[in-house]
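For clarity, chains are labelled A, B and C in written order, and residue numbers in each chain start from 1.
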Amino acid sequence: MESDAQSWTLRELADLLGGAVEGQTDLRILRLGSVDSDDSEALAFVESEAFLARAESRGIGALLLPPGFATAKPCVRVDNPRVAFAKLLALLDRPVQIHTGVHPTAVVDPGAWVHGEACVGAFAVVERGARIDAGARVYAFAYIGERCSVGAGAAIYPHAVLLRDVDVAARAVVHSGAVLGGDGFRYTWDGARRMKVPHVGGVRLGADSEIGSNATVDRGTAGDTVVGVGTKIDNLVQIAHNAQLGDHAVIAAQTGLSGSTRVGDRVVMAGQCGVADHVTVASDTIFAGGTGVTGDVREPGAYMGLPARPIAEGRRILAALKRLPDLIARVRRLEKDEGEEPTL
Amino acid sequence: MESDAQSWTLRELADLLGGAVEGQTDLRILRLGSVDSDDSEALAFVESEAFLARAESRGIGALLLPPGFATAKPCVRVDNPRVAFAKLLALLDRPVQIHTGVHPTAVVDPGAWVHGEACVGAFAVVERGARIDAGARVYAFAYIGERCSVGAGAAIYPHAVLLRDVDVAARAVVHSGAVLGGDGFRYTWDGARRMKVPHVGGVRLGADSEIGSNATVDRGTAGDTVVGVGTKIDNLVQIAHNAQLGDHAVIAAQTGLSGSTRVGDRVVMAGQCGVADHVTVASDTIFAGGTGVTGDVREPGAYMGLPARPIAEGRRILAALKRLPDLIARVRRLEKDEGEEPTL
Amino acid sequence: MESDAQSWTLRELADLLGGAVEGQTDLRILRLGSVDSDDSEALAFVESEAFLARAESRGIGALLLPPGFATAKPCVRVDNPRVAFAKLLALLDRPVQIHTGVHPTAVVDPGAWVHGEACVGAFAVVERGARIDAGARVYAFAYIGERCSVGAGAAIYPHAVLLRDVDVAARAVVHSGAVLGGDGFRYTWDGARRMKVPHVGGVRLGADSEIGSNATVDRGTAGDTVVGVGTKIDNLVQIAHNAQLGDHAVIAAQTGLSGSTRVGDRVVMAGQCGVADHVTVASDTIFAGGTGVTGDVREPGAYMGLPARPIAEGRRILAALKRLPDLIARVRRLEKDEGEEPTL
């Protein structure tokens, strides 16, 4: 898959990065790749002997190499290959294609407001009371419902839904298929059936936040569900009604936050975590993958397990668990020595 | 986020709810909110001293207060603030905006039937053999495939997919991005590759049922996948081919039901549960979050853990697990006293 | 839900399957069903006494029966009812409805290429540099982004998104709502906020592979995320940036593969598994539902648990866990006999 029509010679790359070429200076690099690739027209970076060994065993065309490493492959020698590589990534990065202005097939309600420098893609729908600010990009099939707002420079990718009362701040990103503003999942049992609790709140995404593909963020019952400034939510994450996420948190894929949870600033959750309803999680906590947070977590630190425990304790328990079948045998032996009747 | 153009004075609210104003009677309330909000134009309800303390520490403008509580904030005194609040929620609740009749951009197959009092939104697609009944709302980008039916008063939200042979009964709700009627996940291994088992069954949703945003319900191999009357399915839930869910069940977010599972009436599953294929779950069972149901559950009651255990037993095991590392040390000490060789 | 206008008499079915009718030869069969159905116009298959008992207690109209079983219901006697039933399923199976050629509402960029024998449905969007090959079906609302390719005979179902640089090989299937090619979830912390790591790689799906409804497959940072030939991915699965899946693997619903995981050929994962980043999983391994793979798995075989353990060891631990509360009591008794101070 060609990631850009652009290409460089190794010499051009070295100039760009302030490095020195070794080997074939006019080798043409068409793509960035990894040390595990066999792409002879791609460049990868090496930052350890292990990386180098992998690169040497594969067909990757050229390497970014730090001082002190030797290779027979063409390479550009730089002080920090990872940083240099990130510079090249940024050079190649460019927005997903979008029509300038409002695409003729888009349906924009007369009661909506779209900034002259916003882009609205094919078949997008913008309902009454919605606002699309300067430089915002609303991609094909996006649904921007009643009283939703899309801030300056924000991006709403294809098929994302802002159902209603969703406020997306500047530069925030909502990835494809994400659904924001659906009803919260609350019912009351009247003895025969479940009655729906009406939801009239909204959703607020902070500036520079990001919501992953096919993630869901429900509206609040009354008051808003909130995702803080700079907080990044991965694919397929569920955020229930009235959850409050702080700033600069990172929530990895398939994690679920129940209703009215409060998650502090800079919290990091690995994938497939779950947080029970009304639980409060302190700022600067970290959760291993699959952690189940069933009660408040007041102390910053790292946690794991179901229920969540400090990671040192969790590891001790896991190590002990491995020895449990043997432990039962040992206790049986002790009981025998004691002349006790084994109970099991 | 303004949830409605409507507003009330405290006096009007008191009249509406049969309560008594205390404090500023002409205070204008624009929104409903929570005790944790700083919105001075919003009203929240208090039902305990803890709620009241939270409200007092925040800027929320006015309160619904039960007898026997005192506050300096403007308030409306009512017998049951939670019930009064629900009344106000219901007043504010109103359908998501939709075009009356069939939107000019919608593509309706000549072989489909749409009731004169149904609504079909922008860019909706309705295929041949589909039926949309009176008062049904089919929102923008909904796909109503061949031989699908949408019952009276049902709602299919933006971007939902009824792929084919999906029968949605009266007043049922399918939230945004949900996919109903996709192929079941069944293959047979022929020694070299997996051969797809064709799926020709459908999906049936009972009256008043609800399917959450981005949830998936696969069609049956032969015969239908069934969701019972009044059963509520949360976001990102997976319901596999030929699963049979009873009536008035509640399945919270990110839970997965495997193929041919049978889940009884009024079952409640918290988030991230999993049920193995062909398992039967008795009516009136309750599952804690993250429960893994690997075998039949025949007795009503509450369960937790992987594998699912009665909740009292599960709690005993969790409590014991916490003590396991210490137990190993105790057994080692006993062995030493006995003069035994420690085995580990 | 009627799965086809077609119908057969029992006699016609017997001729079709090379079997013998017993009972009412002119009974008209309209649908295929299961032994648990009460549909008197449907046919189900029986392969055991247990199946037969279920069928006898229900209203299913007719049965496919193996030699040696007796029933009062009309039936067709065949050697292998399961295989005969699969033949009938294949007869009933047919593609989801699609417009021949390019639908007039579709938006195809002049810089895209669509084969004359491909189908492009209503409101589909095909961006510049995209290629749709012969016999491919791109359904309603599908988004085929820049430099994406859809191979011969492949199917992209309604609402699927190929964001950009996604290469779908021949006969592969992308189900409704799946999102391929979204940004990977990688950030670097600069001391005050998370900086997005640009992603410029793509996604490659092998021939005959399948991606489930609402699943997500992120693009690589540099280089591609890869799903091998014939590999089947179920609904709501997450596949992160630069993951590499081998050929003929099966990944069941709600499983998550983290960044840069490597999963071998013919691997089978049941539902809700998780694999940590950079982990390598050997070919021919099998994982029980809910397994958490936190480190490399080098030996083929069956695994379970969090962390993943060989299944025999995992079962031993689960069995021991059930006895743990009792074990604590036994150790306390031993300590008492020893005259030790109980420590807990």
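Here is the rule we go by: a residue touches a chain if its C-beta (ideal position, glycine included) is under 8 Å from a C-beta of that chain, and two chains touch if they have at least 3 such contacts.
The shown structure was predicted, so the numbers you read here are calculated from the model rather than taken from an experiment.
Different-residue interface: chain B and chain C share under half of the residue numbers found at their contact. The rotation relating chain A to chain B, fitted on Cα atoms, comes to 120°, given as a multiple of 5.
As a whole-number value, the distance joining the C-alpha centres of chain B and chain C reads 23 Å.
The set of chain A residues touching two or more other chains comprises 123, 141, 159, 177, 214, 236, 254, 272, 321, 324, 327, 331, 334.
Contact residues on chain A toward chain B in their complex (touch as defined above): 107, 123, 125, 127-128, 141, 143, 145-147, 159, 161, 163-167, 177, 179, 182-183, 185, 187, 193-194, 196-204, 214-216, 218, 220-224, 236, 238, 240, 242, 254, 256, 258, 272, 274, 276, 292, 294, 306-307, 316-317, 319-321, 323-324, 326-327, 330-331, 333-334, 337. Taken in their complex, chain A has these residues touching chain C: 1-4, 31-34, 36-37, 39, 42, 44, 85-86, 89-90, 92-93, 96-97, 105, 121-123, 140-141, 157-159, 175-177, 208, 210, 212-214, 230, 232, 234-236, 248, 250, 252-254, 270-272, 289-290, 318, 321-322, 324-325, 327-328, 331, 334-335, 338, 340, 343-344.
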